[in-house]
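Here is the structure we will look at, set down as structure tokens.
Note that the chains take the letters A, B, C, D and E in the order they are written out, and that residue 1 is the start of every chain.
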Amino acid sequence: MSATLVLFYLLGAACLLGGLGVVASRRVIHCALFLLLSLVSVAGLYLLLSADFLALVQVLIYGGAVTIVLLFALMLTRVTDLTTRLDNPQKPLALVAALALFLILVATVAFTPWGPQAPERVELVALGRSLFSQWAVPFEIASVVLLVALIGALVIARPEEDQ
Amino acid sequence: MIALEHFLVLGAALFCIGIYGVLARRNAVLILMSIELMLNAVNINLVAFAMYLRPGEFVGQVFAIFVIAVAAAEVGLGLAIVLRLYRNRASVNVDEIDLLKW
Amino acid sequence: MNLWLFLPEFLVAGLAFLILGTDLVLPPARKSLLAYGGALGLGGIMAATLTLQGEEARLYGGLFLVDGYALFFKEFFLLLGILILLASVEFVEKNLSHAGEYYGLILFSVLAMMLMTASGELLTAYISLELLSFCLYILASYGLHDPRSNEAGVKFILLGAFSSAILLYGLSLVYGLAGTTEFVAIAGVLGSGEDLGPGLLVGLVLVIAGFGFKVAAVPFHMWAPDVYEGAPLPITAYLSVASKAAAFALLLRLFAVAFMPAMDEWRGIMAGLAAVTMTVGNLVAIPQRNIKRLLAYSSIGQAGYLLVGLAALSPMASSGMVFHLAGFAVTNLAAFVAIIAYYNLSGKEDIPDYAGLAERSPLLATTLAVAFFSLAGLPFFAGFTTKFYLFAAAAREGLLWLVALAMVNSLISLYYYLLVIKQMYMVPPSEPGRLRVPGLLKGILVLLLFGIVIIGIYPAPLLEAIDGATRFLFP
Amino acid sequence: MSGWSLPGMEWAWLAPVLCLGAFVIITLWGRRLPQGGAYVAISATGIGLLLSLFVLRDLLFSHPRSFGFTWFEAAGTRLEIGMILDPLSVLMLGVVGLVALVVQVYSLGYMHGDPRFSWYFAAHSLFAAAMLGLVLADNFLLLYMAWELVGLGSYLLIGFWYERRSAAEAAKKAFITTRIGDVGLLIGILMLFNVTGTFSISRTLEAAAAGDIASGTLTAATLLIFLGAVGKSAQFPLHVWLPDAMEGPTPVSALIHAATMVAAGVYLVARTFPLFQAAPGALEVVALIGLFTTLLAATMALVMTDLKRVLAYSTISQLGFMMLALGSLGYTAAVFHLMTHAFFKALLFLGAGSVLHSTGKMDIREMGGLRRRMPITTITFAIAALALAGLPPLSGFFSKDEVLGAVYQNQGPIIFGLTLLAAFLSALYMARLLFVVFGGKLKPANDHIHESPLVMTLPMMVLGLLALVSGLAAMNWAGPLLGLPAQYQGIGSFLFLHEAEAFHARPALMLSSTAIALLGLFGGWAIYSRGWIRPEAISRRFAPVHRVIENKYYLDDLYGGVTNRVVLAFSNLVALFDRLVINDRGVNGTAGLPVLAGGKLRYHLTGKLYNYGLAMAAGIVLIILAAFLL
Amino acid sequence: MPVLTAILLLPFLGALVILLVPSARVLAIKVVAAVAASGTLGLSLYVFLSYDHVRGGYQFIETYRWLPGAGISFHLGVDGISVPMVLLTGVIIFAGVFIAWNTALRAKDFFVLLLLLVTGVMGVFISLDLFFLFFFYELAVLPMYLLIGVWGSSSDFGTFIRTKEYGAMKLTIYLVAGSVLVWVGILAVYVAAGLGTFDMVALGRDALTPDLQRLVFPLFLVGFGVLAGLWPFHTWSPDGHVAAPTAVSMLHAGVLMKLGAFGIIRVGIGLLPQGAEAWMPLLMVLGTINVVYGAISALSQRDLKYVVGYSSVSHMGYVLMGFATLNPVGMSGAVLQMFSHGIMTALFFALVGFIYDRAHTRDITMFGGLAKRMGTTAAFFTVAGLTSMGLPGLSGFVAEFLVFVGTFQTYPLFGALGIAGAAITAIYILRLLARVFFGPLDPRWEGLSDPTRIETFASAVLVLVLIFVGLYPAPLMAAINSGIGPLLAGIPGAG
């Protein structure tokens, strides 16, 4: 078993563990931390997939921004107290649905001929260049998306001046 | 060497964990977190496909970058709306918001 | 590369920024100027967009398309944008704060819809779709102190994000199988006869589920009634008309161009989805009391009819879909504008509140009645002709059973529409006095009524335009 | 003036058309015309009568002819309307025209002062038109049309005083009852049309005679046609309408219920007689129905106390007589009796009308001794009554004798015996009327009465004369006496041109019939005038029988019960079925299903966000599974 | 001159003009309606008179491009079957407008909708394109809901209550339900023929194979049959007629029910003759049930209008029986019956309307002796009643007689049942006359009066038509004959 494979299993396990923690933990703060674990492991997986830039982005955006925002939100909404129930009554059904879908997806992965696998590194420079040439339009749109989200967050979350 | 299927199964698992989270949680913020898990699962898929299947092509990675960007924005916006909800109702539990039904 | 081809998008984005900027300097009492200005601007852009007529280009390797199809829908969305802006003014003044951002967001959403129709590649399509969704999430929660608007926003964004994740997973599978995200190239792979295994089907189902959410197809529809009911009225109108149209426009291009070769895989799914969607939508509409909620369910039913066209995908069926979409948009908008006008005057939106409307305001009652008759597919009005055309196309593709079911559903829908008409025409009003509808809304109503009738009795010009547009889907 | 000649047969159509014209004119402008337009009606009928005389003259010196034209064409099928002029139709033309004219003149006096005087004459004209059309028809289509219009005319005239509930009900009853017969008639006609492809009566008769029609079909069709005759001629079991129809003005009864409409049934059978001859078993049915009816009605005539009702039952009885004659191959006898009966029965009714006009009463028990105040009425009434009783040499004697002869010749002794019994009964009830109404002492309440005006008595005298002498037409010397061509001797040879039928003088028969008549009259005199046997005593002795007869054998009650209880109950049931099963279950139930489904289904939107998500996930799983499995 | 377009547009333009007249100027509104109606009558008379029945076939043909891509064109034309129907519509709207002269409530809306209704009806009769036939077919249903719901009247007999809203809703839903089947049938023909056209002339009668014809025909039979009052889908008809205001009842029972029958003949038998042949025995059974069942139901009704309503069900049965014979005589009788029943039932409803307007009740048991105060009404009612009973001299006789002749040629037993139905008709009609108009006058009706001059004029027109056709059916039959012939040419078994 190669080292990369071991690494993959480790990262994968951490990722899934984090995921499970997010959905199963009884304390919201723990959930947030588990999420961080999972997201960071995903960044590790990106490295395994030789997507270095993506790993960086992942750590920066998710590990930094998103998690912190989430923690803020959790604190602002004061749901940190231990007594609150976090799961809803349809939990068993949710489990059945998720498992069923998982089985389907695994079967799909297993039975689909994915074609010749020739892993190859993506050059960071090429990626960067294409992002601003080939993908200029989506890039522009994405910027508008961020702007809109900003405006929306401001409008919606900002306390009214007149109150 | 790691086979593509490894990544795909991992992605599928994470995706389904995320789905479970969305379906089983009642706290709006936790639901948002679960959705982030799902998006990450998608990204694992995209990046794995990009690396394994078509040498020289990296649409998957580009796609993943955009997904990350959108996901981040989504979290921000979602939290803003949830905060507004909290301000109006003093709760972020989604089973308590059912004024609209039937 | 010819940047000129981006003219409409640039102009709309610029207009949006202009409005956001002007908002900063405008006194609160004058915010309605933004809407008028925006509408005027969009009108100008409509004219400017016409200069692109006849242009055909695949920019950036096919991820941004300039063709008749996109052009048609761009004009269409610009027009809808104008109408929504104008229909919102009074409502916004009375009920909402942050008017400038409101109008700006509407412009951004118009931009998003235009981009959706122009995208020829999965990533571009996705990001445009997200832009639209973001605008709508915000607009749906715009009633900041209205718990219902708030609830609508939460449900909308959480379920919307959930559905985008599902869509994305499906897209990732498609990408994994095809190795590309460009529509034509995908079609090439799908049509190559290569065995793609179950991955294709699962991917398609997930994509359909994701889009099913956007167009409110059962069982991915459940957000729609709640959000429609909770959102501010003009936004409900916008959701039911524009965002649905945009989603269908994208869906049509995606399936007609990219997934056409795999039609056998998804055709049955679409047909089943159509059947369930129209039936559930129309059945549940019957007991509704809130008129917005009623229209939400009726829109679900309409989505079912449109899915029939998708299930029968052929040049005629796609024309039929677009045709019905256009007719439906005009009709539904007419209904909503009348409802907005009545809400502005009375603050009411429950069906029993419409008692005696025919006496209090013949125009509003007539508009609603005409719109409902049109939605139910009665002749002289758009709904009849568009449905006939769409269903004829579907029947030609061997989906007569589905058409029959759709007709039965139309019948059911007639029942609940008539219930509203009964309130308006046969029950005496609970309050006396005539209602004075402002001139602007009156103008819009008359215009829309005219549109409904014209599409109903002289559809040839519109249909020719549509045929010209959908021709690009089947080169 | 060679181009000008007397109108002949080709002008016969004018008679009904003139009457129809009178109807239209009086309906539209009657109120503005002098005398309410009565003279329009009378002159139309008069011209018609005159015309029929010319036609008769033409016929006598030439041969029967028929005329036809296409009314319209329905997708290849020609609907023709035709007219036949043969002795039978011309005879009827004359009788109908004559009686109609006489009655109209009489009505001038009788109906004087009625607020709807003008409408009376309009309806009268309509009726006369229909009746004239009926007798002229050589075509089942025209015949049926006229047949129905006759029914309409009678409906309008019976219900003339519609303010009276009883009149309205009687008119309705008459129409509906005869209509039941008409159903049979129409079915019969169409069955024949189906085989022959023509509505022409002559051609149908030829086909039947030639054996072109299967005997089963023929018998069925013939009997159905006879059902029509049964309805119109008030034969058992459809006789119940006629007595009630006396609610109409009395001249109407004279016209319709004595001379014309009720004779239409007999006429119909006579007209289609070859069918009956060709159809096995048909004549037997006709004879039996006739015999039964005549006895049944005669007994009822004996116990009724209402003057007009007695006459009505007597009419039924006499019509039964005619049917019996037809059933016994006595074609001439039946038609002859039809003619004489028309005269004397009309006269009887006019007399009754005259009595009613002056006393205002109909119950014979309140009358008596009227001869002292109403001599003309008494004499004419007596002539008619005696003619009916069959006293020689009055008209009834000859025609009844013919009937008896036919029965004697062609039926067994039992039937003949019963026929004699019926003859006896008719003499008896006529004697009863005569003696009770006109004989005896004048009741004080009737002291004020006086004879009717001339406009009424004159028509009675005309009819009286006819009742007196028309029987002589039977005699073999009648023809030569009138200067007719040699082939015509008595009426028999006129009616049966080809196989001339002479008057059979059967002395034994004539003697016994006279004896029977005298016996009846004597019995009547003994009971009702002398009181040797008290009628009350008889009725007491046979109380149950009397009660049954007095109640019209409970037939009216039975029919009334059937229509009111059974038919209405059934119709209520159907209406209820329509509402409860078809409408409430079927229609509302089906419509309720979606409403119900929608009402239940709406709750799938729980308002809980995670439920929505679950539905989406489950939907995806299900779609994938379904896509894989299907 | 494009006459047919003019016929179609005239009532429509009338409606538009009325829309522009201020609602306070009631007289002007009525005058416009009257002018439009008279013009329509005039044009339909012109079409009737100048239709060349010797030449036969479709005449006055007009074709305009509409949606060539879908194979839809605006194709108008009349044949011998539609000509009488056009005339019928003209006559009835003419009478109807005058009978509705006293409409006080929202007269503007009323006349607009009434004229729209006529546009729809006319359109069905003269359309030669399936799309437009269907278009106008539904257009004719559309105004009904409002016309009944707003201007109608409810029935309330204690245990039996039918509100006008119920009647309106039921009628609308029912008729549209029928049209769903029609629509499916039309699309089936469109697809199965594979010609890519909705033009009935182009489709002809052999567009579908016999097997397909048999499969599709029931759709048209039941779909159009619903509108024709086919048992057991008839209950909308009495309920709807009763609830409707007078002029609408007239148009509705008079013309609208004929649309259904017309649809069966034009679309069903015209396009699918062999399918029709296979299904006609069933139609014969149902038609006969219609006749007898309708008549028996009419017998026990307490509401005057319900009697007339069920009588319509019964009489439409003759039309269906006539169709079912598939022989020339029966079919021509059926078409004539459509005309005759249209006029007759319109007259009935007009007269019932007069009574209801004055007495404010339609309960038969409350009446008695009305002839004394309403002589003209009684006389006209009698004429209508006699027509309904099939009395010679009136149009009903000719029509029913032909139907009987036709039926006897094919199904003698059903013919006999049909004739028996006519006898039951006599019972209920005569009962009605005796109950309502004859007998002693109930003192509470002392104050009643005969209809106004305008109303009398309008109903007299109908009476005259009944009598004229009854006495001289030849002109009408000439047209009908020329229409029936080609229709039956496609049926091998038809004589």
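By our rule, a contact is a pair of C-beta atoms (placed from the backbone, for glycine too) under 8 Å apart; a residue touches a chain by one contact, two chains touch by 3 or more.
Just so it is clear, the structure is predicted and the values come from calculations on it, not from any experiment.
Asker: What chains touch chain C and also chain E?
Answerer: D
Asker: Quick one: which chains contact chain D and chain E both?
Answerer: Both chain D and chain E are touched by C, going by the contact rule given at the top.
Asker: What is the chain whose Cα centre is as far as it gets from that of chain B?
Answerer: D
Asker: Can you name the chain whose C-alpha mean lies closest to the mean of all the C-alpha atoms?
Answerer: Centroid comparison flags E as closest.
Asker: Using mean CA coordinates as chain centres, what's the gap between chain A and chain D in Å?
Answerer: The answer is 103 Å.
Asker: Could you state the distance in Å from the CA-based centre of chain A to that of chain B?
Answerer: 6
Asker: Taking the mean of the C-alpha atoms as each chain's centre, how many Å separate chain B from chain C?
Answerer: 26
Asker: What whole-number Å value describes the gap between the mean CA coordinates of chain A and chain E?
Answerer: From the centre of chain A to the centre of chain E is 70 Å.
Asker: Identify all positions of chain B at which a residue touches two or more other chains, and write them in rising order.
Answerer: Answer for chain B, listing residues that touch two or more other chains: 8, 15, 18-19, 22-26, 31-32, 53, 62, 66, 70, 73-74, 77, 81-82, 84, 94-95, 97-101.
Asker: Could you list which residues of chain D touch at least two other chains?
Answerer: Touching at least two other chains: 591, 602, 605, 607-611, 613-614, 617-618, 620, 624.
Asker: List, in ascending order, every residue of chain A touching at least 2 other chains.
Answerer: 88, 90, 93-94, 97-98, 101, 104-105, 108-109, 114-115, 135, 138, 142, 145, 149, 152, 154, 156
Asker: With touch defined as at the top, which chains are paired up in contact here?
Answerer: Touching chain pairs, listed by label, come out as A-B, A-C, A-D, B-C, B-D, C-D, C-E, D-E.
Asker: For the complex, which residues does chain A have touching chain C?
Answerer: For this pair, the touching residues of chain A are 104-105, 107-109, 111-115, 134-138, 141-142, 144-145, 148-149, 151-152, 154-156, 160.
Asker: Looking at the complex, which residues from chain D come into contact with chain C?
Answerer: That would be residues 591, 594-595, 597-599, 601-602, 604-605, 607, 609, 611-613, 615-616, 618-620, 623-624, 626-628, 630 of chain D.
Asker: What residues of chain B sit close enough to touch chain D in their complex?
Answerer: 19, 22-26, 31, 94-95, 97-102
Asker: Using the touch rule from the top, collect the residues of chain C that touch chain B in their complex.
Answerer: 122-123, 126-127, 130, 134, 137-138, 141, 144-145, 147-148, 150-155, 157-158, 161-162, 164-166, 168-169, 171-173, 175-176, 179-181, 225-227, 229-230
Asker: Which of the residues in chain E come into contact with chain D in the complex?
Answerer: Per the touch definition, chain E meets chain D at residues 160, 170, 173-174, 232, 235-236, 239, 293, 296-297, 299-301, 328-329, 331-333, 336, 369, 371-372, 386, 389-393, 397-398, 401-402, 404-405, 408-409, 412, 415-416, 419-420, 422-423, 426-427, 430-431, 433-434, 437-441, 472-474, 477-478, 480-481, 484-485.
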